[in-house]
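Taking it in order: structure first as structure tokens, then the write-up.
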């Protein structure tokens, strides 16, 4: 039973869901905007208060619903607005990333990055980089729920 | 109609049958045998005593979408799912087929019949297979099942060391044998005689049990019986006569599909009501429900115990709590062997 | 003094690879030199050796006697506030100097059969290893 | 179904230039739950806000989505507007279609569908928004200052002057701290006592300041505005009320112990005040050395005390008080240089640390203010100062620069020259760091006018020879070995965090860096705040500091505390975690990951088989919770959820954002 | 049953009898035999008569500690027979505040490793009547005669990687401990899977998980699954759909395993309980292996005082992603 992916390869554009912590990475995204940097529109950001709010289930849900890549971004270690959130994230998502890879998802499809509120350039670069990598990998069929594609 | 095929030619027959539509048969999948659609290279295991999960899946799939819904503004649009193509089930053992008859009484025995079930039932040709072996958990003998014969089959099949025999029992079955054409040869009558398979004897006294149980709802035996139950639901999922399902939606408020899927009375959520009340809050009530349903409630309506002695719950329960133990604890053991 | 910054020095890269020490973590406090028991005999003080490494003065280092006088007593390493193992670094320099030096190769052919017979196997292997890169 | 209104801002051409607004409005109308969609040129303007307010009232909207700039920009503005129209402000969501969309994409064909997608996600989230109320908390109008050094004194005085009560808890018998140990202060060479003592006295006499000396904080509970603190007032064995500080007791006391204040260079009596200007001027009895406590006899102090203030029966006393704010000013320690075997510290009486040397200058110090060698009492003619002893040393000491040593070494060299005019000073340094008003000038004067020889290098070995110490070092600039026959060596030992700083930090719920210095909430923008609301830090407990920096930081911390105390009520965080206690299994993983100690166990009763069963579950204190949500992920069953960023809301956003077509 | 075995049972029975009859415990959790000699089920003994049924042999695989969750609601003091994995399970529950230490008496038993009937039966070839054990071998007794098999080869899968057969926590050790075991093969399967390409791994897991019935037996049997309400059953939000889609299978199994990160005691009850034989333990072991590699060795259940690795951190922790 393999999951069918409907997109025709030619017109296919990847969907990348980026979960950004409110204080650093989301602000880094704002900075990218304020500085009029540009990155692919394939990336769509969901704001969370802290990267430690990131339940692995949100990540899997994004894959189920058709995301081709998922990025979680938080403050650099030591800079967490809530002081220790990202230290916990580092452990949680390192373990989870390896588990997800273990079940066959390509490593590039799920990434974690530390992006500070001043790193607009890094934000834009990471988004472009992720998009390029996902484009190279092609559409993600793994863990995708084919039924969601029938819904508008 | 009686036909025979050499054992080594069976793959050709399967390939042929699967061209007509999905062909389900016992396939070795990792450490277990399951009824699955045939595919090139599948490892068919006809020697397995029983599949890990019963083939009730074919008529009551673990998941079955039955409608799509869509709202736009105040308009609600509902589209039922189209019926599927005809299916062949190959190698269903007599106990499992007996169980399907028990399910028929539930889904088809009253008006209106369950359309989804009915459609699958009508769409499926069942090739039953007599048992060439039993394991220590097979106790179908207690339930009037003949391991060598399955009355409800479209075709009855028997396996020997070098060949397989088919005997059509219905028109559907005959048609199927017919269109297999040259793959099958006519079978002489004498090849059908078989040795009886010896099943386990747990020394059960089933007669009058249902009647007897009417007064045992509050029997202290329940206080002990349920204790080891983990509430895992394995028994209900592997059981050929369990038929409970749940209905769930997939999608969002405005669009999606509605499907039904297996559920289990061993789960707390099974009976949880919208307001939060749960009439079967603990394992004790759930264990009692499952066994009384098999042994008392079902017989009260359908005059037969809802167990076929397939032994799956004996094999699969991680803590060895099974229907035999329950029957014995509830007075269903013969006092002395006559 | 001409520095060669910008260009990667083979000697220094070799030294880094051999010793695992990074000269850039030195802030030139001179404690190594102050602690070294043979400073008086050195043409370059230990901290100056590191400074030369920082500046990429490869030729000057190759000419220096210091690495060859260093007795590897590890006092410098024990005292260094920057956690640099200077004794290792000196050994790294010695090895790199040897390896970078041309025309210094010798092999089994350079030895007489008698020598080959007499010399311990281990010494031969390590000798070839040292002088044959 | 909610009644959601979507409002899309053109932001002039900032958004409208790349996002097709009409298309976005049209698409929004089809989102589930949307009953109204509109656009405007500048939604954040008065007019724009009025459009939203009017629609809320006329269309009876119960959810609002605004597609505008970043929520970090104008979320507050729009929420206020919604509130003015009678809608709970938390029912409004912002879709960031400017910074995250129109400004980063150039093509309308790309930006428009993305904007629609973001709007759809916001609408899906908004549908699940609930009305939230930020908790309002009482403020106890009293502050606690932990540590009675110059930082603590300054902070307390500032708070007291602003009209609030403040308690100083000091573990030593007197306030004053490190500054009281100093002779002179750089770069002006003011007498340290002369500027500190008046402050100490002022603190003691201020009606709003309450001194709790010889006391320690035992327990801190509660949260900003309402810290419940237990303070242990250790028994002094002297009745502070009766005592007049006449000094007869310590004059007559027959037993002695090394003086902590004099860094062990001198002895004090068993009943003592640490130094002459001590505040309060009330002695304490040191049980460990007191003859009466050790052997049960003596009692001379009791006999001699004119007001009969000695009380051997006195017990430790626990004081419980509530405070609105806490300032940590616990100061620093000096690194013990014995780990540097090559310097021979501890093996020779003429090898001293900077703080020990400082005491020699003091008229009431161990030498009565004479600069002499402790070995033979002769004035030193050659003194070697070694800097960076333990500082900037990642191998054996601390990786940081202690900041004050360059200046105090220069100061001590200058003072030495003044006291012993024919003395010669040598300073081994790695770098001279004298950033500060008048600092560089002072250090240059030391080198140029006071004949202090600065040698750029370090010392490898010190060993005694005849009556002097041979200091063998190197001058890296000349590349020469230097050997000095010194009479005395002064080690500028690193300033380090108090050894018990992490435990003290834990008491009040703040954390420390890898050197055990307390962490500020933000290194630049919140230098005196901590991650625990209502707890501020001042002085060298945060990092090594000189006096002016310490005093400035103390005043800054005081201002923060005053700002807090001046409020009648505190506005808490609305987006806090909450526990569904019926489903909570009580594993308390949430408690383990909470950075604010906002989660605690609580026992509840539950019905079970007709009876009741007690069990432990988690409870969130909304006053402490800051809404990070780390607990929600530690909770496997989703029993703890975060208001405003709930599991349901985030999943709804994911679902919506993934509906691509 | 071998003599040796009967002696052991007698010893155990004597030890717990005193406590049960003397009132030190109100209930003893042990094992009794099922329909056949190779089956054991939990025993809930409250009387001397109950204790007569007590069994201890090579088929007592059921992890008893989990029953404490329910039994402590009804009984004040409960005694439990614990093997290595039951004891680690107990520590696990203790760490999660699920059981009060002072209301449980743990009777320690060294575990010889539990045998797999299916393996024995397959090895025997014909109908297996009984077995005896001697010197690391199992003697298979059939109608046709006797055959010997290497005991280690006959172990349940879950017992093959076991390192700690002795209880890590107990109040009283009833039989002499046997010491730690080497298990070079513990992560072998994980490593094999790691060596595959992503595509191959996905194919492996998709097939493996396609069998899943979502009966959640793995969860019910697991000593780290002690939530009152599991995420799979939550209605709001609906994390886990009930459909048998591959995506839902992955959701369930990844999250089930992840919830055990740093908490799984590697007892293998999940895999043993699985009616369709999914190699669940490999998911758990992958996490154990990675967390040990990244954040230092940690063996869940050995010491209830040690904080599980995902509840703590060090500022200089490594990450499995780029931190640049």
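Letters A, B, C, D and E mark the chains in the order given here, with residues in each chain numbered from 1 onward.
The rule we apply is simple: a contact is a pair of C-beta atoms (placed from the backbone, for glycine too) under 8 Å apart; a residue touches a chain by one contact, two chains touch by 3 or more.
Computed from a predicted model, the values in this text were never measured in an experiment.
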{"item": "Chains touching both subunit A and subunit B, listed by label", "value": "D, E"}
{"item": "Those chains which touch subunit D and also touch subunit A", "value": "B, E"}
{"item": "Chain closest to the assembly centre - both centres taken as Cα means", "value": "A"}
{"item": "Most distant chain from subunit A, judged by the mean position of its C-alpha atoms", "value": "C"}
{"item": "Pair of chains joined by more contacts [C-beta pairs], B-E or D-E", "value": "B-E"}
{"item": "Longest centre-to-centre distance from subunit D, chain (CA-based)", "value": "B"}
{"item": "Centre-to-centre distance between subunit D and subunit B (centres being mean Cα positions), rounded to whole Å", "value": "69"}
{"item": "Distance from subunit E to subunit C - Cα centre to Cα centre, in angstrom", "value": "58"}
{"item": "Inter-chain centre distance, subunit B versus subunit C - centres from mean C-alpha coordinates, in Å", "value": "80"}
{"item": "Separation of subunit C from subunit D, taking each centre as the mean of its C-alpha atoms, in whole Å", "value": "47"}
{"item": "Sequence positions of subunit D contacting 2 or more other chains", "value": "593, 609, 634, 647, 651, 655"}
{"item": "Numbers and ranges of subunit C residues touching at least 2 other chains", "value": "none"}
{"item": "For subunit A, residues contacting two or more additional chains", "value": "56-57, 61, 84, 88, 92, 145, 147, 151-152"}
{"item": "Complete list of chain pairs which touch one another", "value": "A-B, A-D, A-E, B-D, B-E, C-D, D-E"}
{"item": "Residue numbers on subunit D that touch subunit A, as the complex places them", "value": "70-73, 96, 98-101, 103-107, 110-111, 113-114, 117-118, 121, 511, 519, 521, 531, 575, 593, 595-596, 626-630, 632-634, 642, 644-645, 647, 650-651, 653-655, 657-661"}
{"item": "List of subunit B residues in touch with subunit A within their complex", "value": "68, 250-252, 255-257"}
{"item": "Of all residues in subunit D, those that touch subunit E in their complex", "value": "514, 582-589, 592-593, 601, 608-609, 613, 616, 634, 636-639, 646-648, 651"}
{"item": "Complex interface listing, subunit C residues touching subunit D", "value": "27-36, 39-40, 45, 47-48, 75, 79-83"}
{"item": "Subunit E contact footprint on subunit B (complex, rising order)", "value": "29-32, 34, 52-53, 62-63, 136, 202, 224, 227-228, 230-234, 236-238, 246, 248, 250, 259, 261-264, 267-269, 283, 314, 316, 318-321, 324-325"}
